[in-house]
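Right after this note come the structures.
Look at the two complexes coming up: chain A is in both, with chain B in one and chain C in the other.
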Partner chain A sequence: MGEDAESPKINHTFLRDYVTEADVISTVEFNQTGDLLATGDKGGRVVIFQRETEPKGVSEEEVGDSGEYNVYSTFQSHEPDFDYLKSLEIEEKINKIRWLPQQNAAHFLLSTNDKTVKLWKVSERDKRPEGYNLKDEEGRIKDVSTITSLRVPVLKPTDLMVEVRPRRVFANGHTYHINSISVNSDGETYLSADDLRINMWHLDITDRSFNIVDIKPANMEDLTEVITAAEFHPHHCHLFVYSSSKGTLRLCDMRASALCDRHTKLFEEPEDPGSRSFFSEIISSVSDVKFSHSGRYLLTRDYLTAKVWDLNMDKGPVETYQVHEYLRSKLCSLYENDCIFDKFECVWNSSDSVIMTGAYNSFFRMFDRETGRGVTLEAWRENSKPRAVLRTRRVYTGGKRRRGDVGVDSLDFTKKILHMAWHPEENIIAIAATNNLYIFQDRVNPDAQMQ
Partner chain B sequence: MFPKGTKRKFSDSGEEAVCGGGGGGDQGPSAAPAPSPSPAAARTLSSSYSLQRQSLLDMSLIKLQLCHMLVEPNLCRSVLIANTVRQIQEEMTQDGTWQIMTQALAAAQCPADRLVATEVLCRQTEAAAQASQSPKPFSVSGLEEGYHSEEVVMDGDAEAEVAMSSLSPVSPQLSSASYLAGPFGMGPCWEDDEEDGDCDEDEEEDSEECASEGEDAERHHLRADSRTGEQVFGTFEIKHPAPPSDPALEELFSDVDPSYYDLDTVLTGMQSTPKMGPYDLLESLSSHGPTALSSSTTCRSDLNELDHIMEIIVGS
Partner chain C sequence: MEVDRGAMDCAVDAQSLISMSLMKIHSSRTQRGGIKLHKNLLVSYVLRNARQLYIREKYAEIYRMQQYEEVMAVCSGIQELEPLEPLEPLEPQGAEDAEPEQPGRAAGCGDESRAAGGREPPEPPYYRSCCMEDQFSQNCNKTTVLDLDTHVVTTVENGFLHQDCCCAAAAAPQCAPGAAARKRKVDSAGCSPDAEEPSDYTAGRKRLKREECSGADASNISNLISIFGSGFSGLLSRQADLEQVCSKQALASLGAWTRAIVAF
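Take a look at the complex of A and B:
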């Protein structure tokens, strides 16, 4: 490849771009304890990071590398596929990863691309038996006549080996692109949602699934709304919510009927007639929906705002946070370059007191629900070194311009923070910025409460 | 241009810069700016507002056209863009500008090197506008300055709002040919960019070309259909090649979900029952004989032939 003196430059560029594209992180998820962090990328790979346990007896100053996340395992979850019937490729990009609650020494996670959900078992092996009677150390069968005594094989520690094996493949359940998976609190079922349907699966059964929501119209020309995200309630195994491209949320109760096309509750904010434009519907499309840990609230993200809804009140959100209101005057350009269709995720912190979501220019925003204050932070390698304090950023929108402010027109719309996760118990966040993963820890307030 | 006075006030609020401007409120044309609560019908539009709206429509149609060839396009995105186009079209219909545009375009000549038609989408928006009794069928097939669409006046038949205009980026004469070729094999120039060159010919040549290419296209029609439908709206299921009103074909494909964007229904712009299949539309076409298509009789006989061939292929 690189023998020719002239070609290396071209080859390198090609390789770099090629590799980078497949490395773009497409999902980030902590497990229930926060010790494991899984990322999925566009190339269908899953990388699992494990938090180093801090050794006991080490003083604060000597903590050093402990508490940091290191690569635990990497595996290829999905391969590129081809739908022969429609002559279309099926991307191997991992859309979502969800961990199952841990039941034994092994860890289980669900990963999905556009069409297929897979259950993976992640297990460790750090011992192996030694001292067989009939086999020698290399595994060859011994000559029986050479055995003079019996011994009991013992388990000897070996180097840690992490094995990842596919345990279930849930295929052919979806005609459209899967956008969400959510594990039920019953520990036995999970849902997968595509643009028009939501299916419920049993974790042990791969050849059947129940369709619980179907919004496909009889005549596809009548299609005006699609499902954008879905999630099970964290405590009530019969409740789930799904969001739509028209900005509505529907809470469904599976006890009501087998097919939950009719919602139990519809959450919709009445449209403000004064601010209506041709882009109103597009920017109202909900890109992500998350139940709070308490199960009482819902967090949704649309293009310009993040909203908190109370499950008991369907008239409108109880809180609305402006993520990047300065983009409202740029909607036409953003429509032109397709950025208006970007799907940002949103997350709660462990105590449901802070919400976080991404933006452009490698910025992400955190909002303190009690004070209503928002802060802008940046995930960009050039500006942050390990253990450096993240400084807040500002987008200049008028008034007095401070040093370090970024103008709206100099925002880099290719650097978007779409995927992120918050540790379930501590103030540790994982931010995916294209093909880089940033993990930030709050050393000042490592526990849930934010200052 | 527009006079000052009341219009000026309106245009101020509607004149938020098209791309990259400042100001409050949603960017782009606002449907009803707060200071001017006049009813839509009586509303006088500033030219900048309608220009903005027009460019937005253009942009949306381009977006719907440009679909990934290899991977299925994003259904959510397609639906949102389609809704935007529908919204614009509804508003334009209310304003009466839709009418003006169609009339202007019917008289206009079509340049040879237009972009591939996005008329498919307009069929849907046509259908959406049915409820508001939109008077004339309209199709946007070009995205150059001004619109170039072909209009077929189907007198008194609101249902037959067929986009007679081209799926292929060529002439009015081609429109009926490509229309009928549509359900079974899109206008030959529709599906591939490479084939566009073939279509950029004289109008006279095009009709014959279209017919012959239509036959070629038919061989690949199933694939073409599904691909173009997918290109536009991302059909994710096996393309249902026949209109739903055909019971024999329905039975044949009963276990197959109809595609998101049935091209034949798209072309016919039908939404309400009873559905007219392409056969019916062809009949109504010939019975009407609009002047704009006087030279397309050749095409119609070719269409009949195509029709016949299609029947054989689908075995009905």
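Take a look at the complex of A and C:
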């Protein structure tokens, strides 16, 4: 389960290495206002955190826990499943969660595993009706002969209850493993992408979906690339982008044709022949793609770098950030222990001035786009006390060694930061480190605009 | 493809990468959640890259030894890459081999022990060891395989492999009946043209499981290798220069990997 690391913990050092596989967090997502934060894990559970609201007229120092996130609701989204026809086990791991824009008092989110997307309604109930005519207070049916008068039931306040109900199940749309879902800005449709196909669904219709991209070759022997991520444009409901394992991005316009196999724009960086290696194909595979909030830029992550692309320029990225270049000489070992296949996510801050992505050893990196400088931070319980200032870290790659530098060979590759989210308006970030959730808030510059 | 080997760490040679990659593909069959297409595609790229380098190095090594007569026996199969002196007629090994003798029959890659040793008597035809070099056995008239359980490279007395590999010369889809039969067997699991790929491997997997329960481990492993090997046969054709291995044909053959992977 996700835990807010800001509460003190007993030192369970001897248990530290034991992590239940099911508790490993597999996705993190803020809703559009940032008041709710959802996490999904490998066990198919979703945990929703809610930000405590600050009472009006009270200064921040006086209120104790305000602005912090506490558990709001927990539910089992997906169960392990079995495809009897293909003799395939379907993992219950939650691959992605996406919130719908809020339209009424209830909140809606989409969660998906490898095969099935589900729409959940999260609603609060803080009143209940009392004074039924035919039932008594415990719910037992009354003897009709004892009823002498009629009354109208009244709503009385009760303890807050959060109800989560499945409203739609979008099943049987995908043969391959779903890697992305994205809600359209039109508020009515969303897309789901697997390795070879992208489908578009209407949120109200579960028995039909439109296939909008299909890159499955007629002969599977000709397969050379797969789809790795897809996202709708934040403002234009007809545009979406998808990334491939070859490191290319394709922008598609649904107005052009029903089947968007032919891209409107292809974003590709020419390969540097000097850096070719056995693993060139693996490290060029894009693991995540995100539109900027402005809709003007794209952020992609491959194994060693994060790149910013301008939608108006398809010849190559406009910015490239080295996340952990020191791993380039270690690719063989990383291939051996499968770390080279890790899929890191990347996020924008609310003003699109900073990008963030994860690395190993519980490190994550932030890059300031204006200065081009990067900083390494650590999400690790022992170093994080509530209200402590995050220290910057450094990986020693040569030159003068400073105290606190970590050598490349001392990096713990089991502690990987793959999933993260940035609050849509403020400088609050949520970092998933295996089975722990870290939430960091910038108290100095809480609003992005002040930077 | 020029590989920047200077950028490699640890004991990176093509062979260890090949065996590592095959292990990954093999273990992906039993992973929970089904075979991950993306990961296996990437592994197949590494496999292709390693194999290209391996073939290059083998070719260079054999070319160096060309001055010695015993190279004839060793390199009979490499003929198809670059014609050397004419071959002695060779006897077919297995009963399944229905094809006429071809000077360009696939080679068992020569092993170091043979190269180092003296002249060997004429051997029955060499069958391409699709991926591995035989380091441990003297009998290179058999195919060499990697035992995925013990990681030991051994020879296998099995006629299937040579059939898969001999098709390379024809630069056509697998022609050998054995390989075709093997491949078709895997394909027929979900035989309708529009059948989704994963449905192919249900029956294929069951069939392979049955095979694994019966018969020696070696033959089962060679079955596995033979299916993979058929995917590589297109990488080397009579005309293809080593520098052109990245041609469409190579990619098409690479795809056979994917189908084989999916077939499991």
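Keep this in mind: the second predicted complex is superposed on the first by the 407 of 451 C-alpha atoms of A that agree within 3 Å, B and C clash if a C-alpha of one lies under 4 Å from a C-alpha of the other, contacts with A are read in each partner's own complex, and residues count from 1 in each chain.
By definition in this document, a residue touches a chain if its C-beta (ideal position, glycine included) is under 8 Å from a C-beta of that chain, and two chains touch if they have at least 3 such contacts.
In this text, all values refer to a predicted model and were calculated from it rather than measured experimentally.
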item	value
Clash-or-fit label for the pair chain B, chain C on chain A	clash
Touched partner set for A:396, first chain B, second chain C, both or neither	neither
Contacts of A:223 with chain B and chain C, given as first, second, both or neither	both
Contacts of A:440 with chain B and chain C, given as first, second, both or neither	neither
Partner chain in contact with A:210 - chain B first, chain C second, else both or neither	neither
First, second, both or neither for A:177, with chain B first and chain C second	both
Touched partner set for A:409, first chain B, second chain C, both or neither	first
First, second, both or neither for A:276, with chain B first and chain C second	both
First (chain B), second (chain C), both or neither touched by A:331	both
Shared chain A surface residues [contacts with chain B and with chain C]	85-91, 114, 175-177, 195-196, 216, 219-226, 228, 245, 273-282, 285, 328-333, 335-336, 338, 341
Touching residues on chain B, where the partner in the complex is chain A	16-32, 34, 52-53, 56, 59, 63, 70-72, 74-77, 79-80, 82-84, 87-88, 124, 127, 223, 226-227, 230, 235-238, 257-262, 265-266, 271
Residue ranges of chain C in contact with chain A within the complex	1-4, 7-10, 12, 17, 20, 24, 32-34, 36-39, 41-42, 45-46, 49-50, 53, 196-199, 201-202, 205-206, 231, 251-256, 258-259, 262
Complex contact set, residues of chain A against chain B	85-91, 114, 175-177, 195-196, 216, 219-226, 228, 245, 273-282, 285, 328-333, 335-336, 338, 341, 409
List of chain A residues in touch with chain C within their complex	85-91, 93, 114, 175-177, 195-196, 216-217, 219-226, 228, 245, 273-282, 285, 328-333, 335-336, 338, 341
